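First the structure, in the form of structure tokens, and then the observations on it.
Here the chain labels run A, B, C, D, E and F in written order, and each chain numbers its own residues starting at 1.
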Amino acid sequence: MAKKFLFVNRKAPYGTIYALESLEVVLISAAFEQVVSLVFMDDGVYELTRGQKTDAIGMKNFSPTYSALGDYEIKNIYIEKESLEARGLTLDDLQHLVWEDEDDDWAEKDSIHLVSSKELASIMADQEVIITF
Amino acid sequence: MSTLHTINKSPFDRNSLGSCLRVISDSDAILLIEDGIYAATSGTIFSDVVKAAVQSHSVYVLGPDLSARGMKEDGIVEGVNVVDYEGFVDLVTEYDKTNSWL
Amino acid sequence: MKLAIQINEGPYQHQASDSAYQFTRAALAKGHEIFRVFLYHDGVNNATRLAVPPQDDRNITQQWTQLQKEHELDLVVCIAAAQRRGLLDEDEAKRQGKDANNIAEGFRISGLGQLIEAGIEADRLVVFGD
Amino acid sequence: MSTLHTINKSPFDRNSLGSCLRVISDSDAILLIEDGIYAATSGTIFSDVVKAAVQSHSVYVLGPDLSARGMKEDGIVEGVNVVDYEGFVDLVTEYDKTNSWL
Amino acid sequence: MAKKFLFVNRKAPYGTIYALESLEVVLISAAFEQVVSLVFMDDGVYELTRGQKTDAIGMKNFSPTYSALGDYEIKNIYIEKESLEARGLTLDDLQHLVWEDEDDDWAEKDSIHLVSSKELASIMADQEVIITF
Amino acid sequence: MKLAIQINEGPYQHQASDSAYQFTRAALAKGHEIFRVFLYHDGVNNATRLAVPPQDDRNITQQWTQLQKEHELDLVVCIAAAQRRGLLDEDEAKRQGKDANNIAEGFRISGLGQLIEAGIEADRLVVFGD
């Protein structure tokens, strides 16, 4: 019986390692055939910004890895609208994450769903295991 | 599926309590632990937030963390329930899952 | 009930490991089963046997080792997090060509899958961190 | 004695910028580094705080930390100056002391 | 030539170790015959609350050590009024720290000075080395 | 000018050590003297030689060791903080009856007084942390 896992990302990238090591957990979880969802809220929305260039801080740019989530069948990705707005961001500022639907001739479909706090509340209520980073 | 939300940060230092309250569901409860216990104390600029939360949700505070920080049980917001580690364990089993707002 | 615990911070710097320890003891005292304690992020540093805290303070690693002995706890250190931070057992030290190891008695090193498995198998997962 | 105040936390996550602004002196400057750089970006709920700070103090932001996080130099609050690590070093020597708001 | 050192305490006790290890730095600094001052602001004011009892969390209660500061000739201790007020606290909720004035027949004198943010600004401006915990 | 650096957090978990490293390199390149780099709190964990970070990532400890060699940096690990967290050199391991040590080349263990001395002797002290 598959369980519903939710990983909640609330931290900015690079300042701390939580965003990167959270992504490592998410990728591993794909191998367990569970129902996996991701939330990006609070400073977690900054993890998905486009055009990250880390050369000058000497750290590895791990943002390209998010685009692999689709290949791992991770396609329930929720972004909290209120967090985006507070930061003056829109979905256009973030990476465009997609997955390919095997049942629909491998059509590319959006993985990212913009949700309100209220919608997020019911998504979170529906989960069986939540790990917040 | 009900959720026990744990908050371990001072509301003066971080906004995890605020974030939790934005997405909490009706059947959920909050447990304040570690530096999160300061949110439960009366007379602070955050007391009204907790007073409001108590109206709609069960709010608990971990007694051992209160005592460690010199906060008195009679100085907490009305309606907040004090539990010890055994009570913490009971809450974890009582609610369907736990979400730690780290 | 079957409970699993995750610890994200190292000893002393944050209360996370202390809180997890008190919670675990209370859960065991109430007759619950602890399916696994998983050390992630800086939490892997709780597994070092080289710490020498002041005599009038608690020894966090020894507390966990003792509890492991009494209750056959499964204390798992995440290998990826541990490699980054320099927490090794004898096998890992050999494989990595390191001349020493520092893991304490009662802990074992394994993969991140052990955390997901804990989420699947346990009735509840409780996370302690910063 | 002038002070360079460094802020390394996102204003959304912690209140170190607010605390710094409460006790800053006229001759002091602020340098935003690490996750602190988000305070320098335009259009956020904190942009007005930084706009006000720029009126009375020199405010700098570390370019390498901006770029790492995908934030553009043309998307920051007017009056905030971008420096690299060399500029960071110059600021440290230019002001009489440094206060890191950790 | 003695330098003016200021240690700024901004973190609550026990949740993290900064308060305790800050105190260790302060005590060592006394041996160097510098001009040492302490500030408690933000959650740092919680470090000085009376009646801390740590048995049930299994940690060492280090709050009694603050009363030794006077013996180390550390008597410039500043508490920010705004931080206290935001937390619903008054000086009566905090330890009463004193020092003995050798030049005044060992009279006990208050070490703690309640200051406004504005006064604190000029105290901080006057320092040569600031370490914030 | 004479600069001193304090690092309060361990490697990888926080950017503190990376920022301090970039700052130190820039200061040296501009001809400043680095009086001392003092590792405090979890910052002592930057001095372990047992870490094995992923091959495509930076090795923070090796970066410091390399910089130490090139510029004869004084990299000091606080003894009290190190004992709590399990960072030992050979002498300390012997004295504490531990069977291994984990300090990397180029670091030395000493007392908190070294931080105060750095504050006195250096023209500026810059602190990196959480």
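In this text, contacts are C-beta pairs under 8 Å (C-beta built on N, C-alpha and C of every residue); 3 or more make two chains touch, one makes a residue touch a chain.
Small disclaimer: the values here were computed from a predicted structure and weren't measured.
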item	value
Both-way neighbours, i.e. chains that touch chain E and touch chain A	B, C, D, F
Length of the shortest touching-chain route, chain C through to chain F	1
Chain whose average C-alpha position is farthest from chain E's own	A
Cα-centroid distance, chain E relative to chain F, in whole angstrom	27
Distance from chain E to chain C - Cα centre to Cα centre, in angstrom	35
Inter-centroid spacing, chain C versus chain B (mean Cα positions, whole Å)	26
Interface hub residues of chain A, defined as touching at least two other chains	14-17, 42, 56-57, 59, 129, 132
Multi-chain contact sites of chain D, meaning residues that touch two or more partners	8, 12-13, 15, 34-35, 64, 84-85, 97-98, 100, 102
Multi-partner residues of chain C (at least 2 other chains)	12-13, 15, 19, 22, 41, 57, 80, 125, 127
Contact graph of the chains (line, ring, star, complete, other)	other
Interchain contacts, given as pairs of chains that touch	A-B, A-C, A-D, A-F, B-C, B-D, B-E, C-E, C-F, D-E, D-F, E-F
Residues on chain D engaged by chain F in the complex (per definition of touch)	6, 8, 33-35, 64, 84-86, 88-90, 92-93, 97-98, 100, 102
Touching residues on chain F, where the partner in the complex is chain C	10-13, 41-42, 45, 48-54, 57, 61, 80, 83-88, 93, 96, 98, 100-102
Contact footprint of chain A on chain C as seen in their complex	6, 40-41, 80-81, 111-113, 115-117, 119-120, 125, 127
In the complex with chain F, residue positions of chain A that touch it	14-17, 56-60
Residue ranges of chain B touching chain A (in the complex, touch as defined)	1-3, 15, 19, 22-25, 27-28, 96-102
